[in-house]
Amino acid sequence: MQVSAEYGLLLASVLFTLGLIGVLVRRNIIFMLVCVEIMLNAAGLAFIVAGSKWTQADGQVMFIFILTMAAAEVSVGLALILQIYHQLKTLDGDAANSMKG
Amino acid sequence: MILVAFIAILMTGGIIAWIAASWSHSASRWISLVTLLVDFSLAISVWMNSSGLEWIEKFSVPWVPDFGISFSLALDGLSLLMLVLTFFLGIFGVLVSWNEIQERVGFFHFNLLWVLAGISGVFLTMDLFLFYFFWEVMLIPMYFLIGIWGHENKRYAAFKFFIFTQASGLLMLLAILGLYFVHKSNSGTGTFDYFQLLGTQIPLGTSRWLMLGFLAAFIVKLPVVPFHTWLPDAHSQAPTAGSLILAGLLLKTGAYGLIRFVVPLFPEASAELAPWAMLLGVVGILYGASLAFAQTDLKRLVAYTSVSHMGFVILGVFAFNQLAMQGVVMQMITHAISTGALFAIAGVLYERIHTRDILAMGGFWGKAPFMGVVTLIFVMASLGLPGLGNFVAEFLTLIGSWQANPMLTIFAAIGIVTATAYSLRIMQKVFLGKWQSEKAMPDLSLREKLIFIPLIVTIIWLGLFPQTVINTVKPMIDKQFKIEQPTSIQNNNGVQ
Amino acid sequence: MSLWLIPALPLLGAFVLIVFGQQLPKRLIPIIGSGSVGLSAALTFALGYRFISSSASSFHIKAWQWMDINGFSPAVAFHLDALSLVFIFVITFVGFLIHVYSAEFMVHDDGYARFFAYLNLFVCSMLTLVLADNFVLMYLGWEGVGLCSYLLIGFWYAEEKNGYAARKAFIVTRVGDISLAFGLFMLFQQFHTLNIQEVAAQAAQHWTVGSETALIISLLLLGGAVGKSAQLPLQTWLPDAMAGPSPVSALIHAATMVTAGVYLIARTHVIFELAPDALMIVGIIGAVTLVLAGFAALTQFDLKRVLAYSTISQIGYMFLALGVSAWSAAIFHFMIHAFFKALLFLAAGAVIESLHHEHDMFKMGGLKNKLPVVYWTFLIGAGSLAALPLITGGFYSKDQILWLSLAGEHGHIWFFLAALVGAFVTSVYTFRMMFLTFFGKENTPVGHVPGKGMNIPLIVLAILTTVGGFIELPHTFGHVTFFSDFLKPILPAVTMQEEMESFEWLIQLVAALVALSGVGVAYYFFIYKPDQADELKSSAADLHSFWLSGWGFDKLYDKLVVQPYVYLSNVNKNDVIDKLYESVVTVANWLNRILAYTQSGILRWYIMGIVIGGILLMALALI
Amino acid sequence: MQIAFYIAAFVAVLSTVMVITRFNVIHALLYLVVSFMAMAVVFFILGAPFAAALEVIVYAGAIVVLIIFVIMMLNQKEEAVDQEKKWLTPSVYIGPAILSVLLLGELIYIIYEGESHTIGQQVVDVKEVGKTLYGPYILAVELSGMLLMAGIVGAYHLGRQKKKVTHRFLKQTED
């Protein structure tokens, strides 16, 4: 099972960028949340790659923390989406712009 | 201990006056008045018993010993005079607001007494950290005084006042910290104590910057001309007591700072700066006078005369000789009284006719001759008529600055002619001319007479017997010029 | 010693009148007002008698130490010597007469108490001025009389133009005061004292004749004198100052205050002696002023303005005398002038009041029989002013100046010619005034006729005017030198040019002829052929209006100084510097708007910002 | 085994692309599950079997299911898809895409700057992970526990059906 570390990191970067594109182009907040998950996952992958390179457990530990955080974030994020939907009757992220300066 | 008492009495008095206002408004007024009278009589008794020593009283307890901060107060002739002046004017501050302030009376008196406490602290403290603390204490209640009880444009004026003084105060804080670290690196111990910082050897380059920091705070407060624009707004918008305290006392803290801190702490740097500072003073004198001449708002007019008169202060401080310095001290006192009185007159007029526009006034002499005489005396004081205190101040300042720089003194003295022009304009527009309006113009009431008569007596007393004041500050000035002498002579030659 | 009482009594009077003026019964007011000055006058006589009979060259009394700082130690101290004795005599005595006159003159005025308070204050200030033993106290008096002058010119404050005249007087004299102050500063720098006697002693010790410092200082002092005494170029305030009540014009703007400059120069004559160039300038100023003011007086309509210009012109004579070091002649002329000019002003006041405040001479006329006392006293005063020979005091005082301006050590033929022209013009305008007012037909009916209270001061002054001249008679007749002997300890006598003495009678003859011919000319134009005067006026209308406006000085200063200053300060009413700070506020607001635009509230927009930031940061790291 | 990595990676990328381009949320979520599965494979190949298991259980399982529940609660109709179509136009995505690709370029450049390593020779097993997690990282574990707790409480609080909330300052104007 010998893979070059660059490829692992490359995969992480590509996925991260795809997630980022998703966050930037989609207006539906559910999509935005999903894309944030993709980005987090990509970050986790980068940790795994690094842990694997040094054959240390720290990479996986970090992944676990990211996972935890992702879980918490999703739960709160979804609650917020529900709330926004109730308030604004839409899932349009751009509609929630009352913090406009 | 008595030094702490001065400040503590004011602060407690302020709180009690605030609380008392919920029972009755006049209780609040009486409490403030009594507080100030107590402090005033204490100060007078200290003055009576003062010997010819340089330091009359000292008090010091450590506050934050790790950083060399102590609660250190000390009283010398200059502080004593300023303190007496503070309480003296404070009394009139309460008296002029007796009828004027009808809303949130308790909070007003709280602020009034706390401003005075801050000012007393500034005049007393000999610890730079504490000095900065009091500097701020004096600022915030003043902000409220202007912002809550002011006239139509009060918010703007209060903000402007706050921003100008706060910004310049922060520069001073930086300079204080800089001085602290310079002293720490020199001697190994960090201290904010004035007496220990006095002899600090500072490289000239650093000293220049540190001095500019201090100078910034003081010349904004004074104010010196390019930094004066907060003053007309603050003065004209503040309630009468606010204007009185602003003109009479707050400006003096700037002058006091120059004398107490800038010159002794940075002798070389300030000698270097002297010609420019004097030039600024002269510009201030002429510029302020010219603006005062054009104003139609009575309080604004008087405010600009302050700018003009304070030019003499900076001119005198940087002339570096005893005559000029005595003149500056006199100027601080007499200007406080004469300008304070003029603001009080503006307030009295405003209570009667509800305008400050001098074009809407005229011919009041016929209706209110007593007020006319009072105004005449203070107008004459402001134009420097001999026999009144301001003459002593201006004459001493000019004769002193002539020794340092005759050319600038000539221009400064032209300010006396322009002062004549604007002062007589007040008299003409308000009291002389034809009676225009149909409004009632009762002459001064007993309470108002009680305000003005002591002020008149004081200004005449200062004009004819200034020696009491001169003797009081003499030890302090002698001390200063023992140190200053070589640099000042050098400076004089350089300027001429 | 009661020297201090002399200025203190009028001050007390002023204080009482200011504080209790409203409550006092009306008849008590003049008693306090005149009484305090009368007491001062009596004291002056007593003191003068003691002074003359004692051998002391001066009396000195120190009330208290005013200030004492490091060598600068002016005291409130009074110094009486022959020079100040002459002055305080004139001030208290003439002042007293004028107070008595005013008691009737002002009786119907609302500000009766105020008037006497101001007058008393003035007398006090003026006495302080001449009695001060140091320059600072003198400066106090100097400014004090300025204040009283301001208050009294603007006494009828309801009139806007009176206020203007008052302010003008104060400000213009203040310009001179500043110059005086500079002189004091320089003196202090030189000698570290401002005591007059010490300064005089030190100046004589340290400076040589022609010293540059002495020149500068004496020119600065001269500046002060010029302002107060309404000499060129600061003379413009005096004609306007006639807006005040007539007794004020008599006391302040004729007899006493305006001669303060003469006093100053005489007092500091030691310094001036050391600067011959300055003395010459004093003489030139005097000569030019006396001629210019004389011609201006020729064209005035207003009775009091004629007298005002005449005062300027007569003080010009005094300056001329000072300029040729004829010190005692200047003081002598001061005294005689104080008598006759006060007399003329008081009489003019009586005339004006009896004609219902009519100032225009061309609307007067024929008062000779209606107001006989006024007519006769006025005639005596006018004769003295025109220096009619032998019988008038003015002749003796002016003749001395004429003679010394030619024959004195610093004399010069041009000075003499100017003085002679001046004498001729004086005589013309004096009798023009005389003829227009009292002769011819009656143009305005006479109302109020002055009573005893006004007539007695007039008569006393008329006697003084005549008698006063005989205490100092020239060599040619009598050779009485009582006055100059009296002043000799203070003011040195004139050194004569050689080979001149024999001409003295010739000069006197010329002067007498000039004065008489002036009367003749006035008679020709205003009695004999009045049409000719009008013709002359219309043929030189421009010149006439030029002279009428006092040689256009007012206009010049207005254009040169007043208007630019008023314009500049009005333009800058809202303070240019404040605009600077306002622009800071504007920039901050502008930045706020721009940055607020980036806060769209759209989440994706912010993320975009993060991405761009990330790209830039990475790019930075890579480079 | 290299080939397995490439295939998994390809699947992950492709499915992620599908996720971000779908109009229908449910379709996108299905692709997301695929993507997570592929990632799990990658983890496994890289010698992190525990992480792979967690990926499947937590991500592909719990989180996605949670999102699906929410979508069911929101009760999206057909119009939603049309709406998505309207929103996702080239003019919208060109700019962000270019920026992101730029970022990607930079990342790739950075990755290839460093030395090349081979990875995945050794498996880091659960035991080791557990020891590390409860050894040096115990504090972080506690913190994540609190984070989850906060997440639960926050989600409960926010997710409650309430009356329309208006800020107290805005009350007057809203009614």
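For clarity, chains are labelled A, B, C and D in written order, and residue numbers in each chain start from 1.
Going forward, a residue touches a chain if its C-beta (ideal position, glycine included) is under 8 Å from a C-beta of that chain, and two chains touch if they have at least 3 such contacts.
Note that this is a predicted model, so its numbers are computed, not measured.
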item: A-C or A-D - the one linked by more C-beta pairs in contact; value: A-D
item: Distance between chain centroids, defined by C-alpha means - subunit A, subunit D (Å); value: 4
item: Rounded Å distance, subunit A centre to subunit C centre (Cα mean); value: 95
item: Subunit B and subunit D: spacing of chain centres that average the CA atoms, whole Å; value: 67
item: Whole-Å gap separating subunit A and subunit B, where each centre is the average of the chain's CA atoms; value: 63
item: Junction residues of subunit C, two or more chains touched; value: 604, 608, 611
item: Touching two or more other chains - residues of subunit D; value: 96, 99-100, 103, 107
item: Listing of all chain pairs that touch each other, if any do; value: A-C, A-D, B-C, C-D
item: Partner subunit D, residues of subunit C touching it in the complex; value: 604, 608, 611-612, 614-615, 618-619, 622
item: Residues of subunit A that touch subunit C when the two form their complex; value: 20, 23-24, 27, 32, 93-94, 96-101
item: Subunit C partner contacts - residues on subunit B that touch it in the complex; value: 225-226, 228-229, 232, 290-291, 293-295, 322-323, 326, 363, 365-366, 369, 373, 376, 380, 385-387, 391-392, 395-396, 398-399, 402-403, 406, 409-410, 413-414, 416-417, 420-421, 424-425, 428, 431-435, 464-467, 470, 474
item: Partner subunit A, residues of subunit C touching it in the complex; value: 595-604, 607-608, 611
item: Contacting residues of subunit C [partner subunit B, same complex]; value: 18, 22, 64-70, 72, 76, 110, 114, 136, 139-140, 142-144, 147, 150-151, 154, 157-158, 160, 163, 166-167, 170-171, 174-175, 177-178, 181-182, 184-186, 188-189, 565-566, 568-570, 572-573, 575, 577-578, 580-581
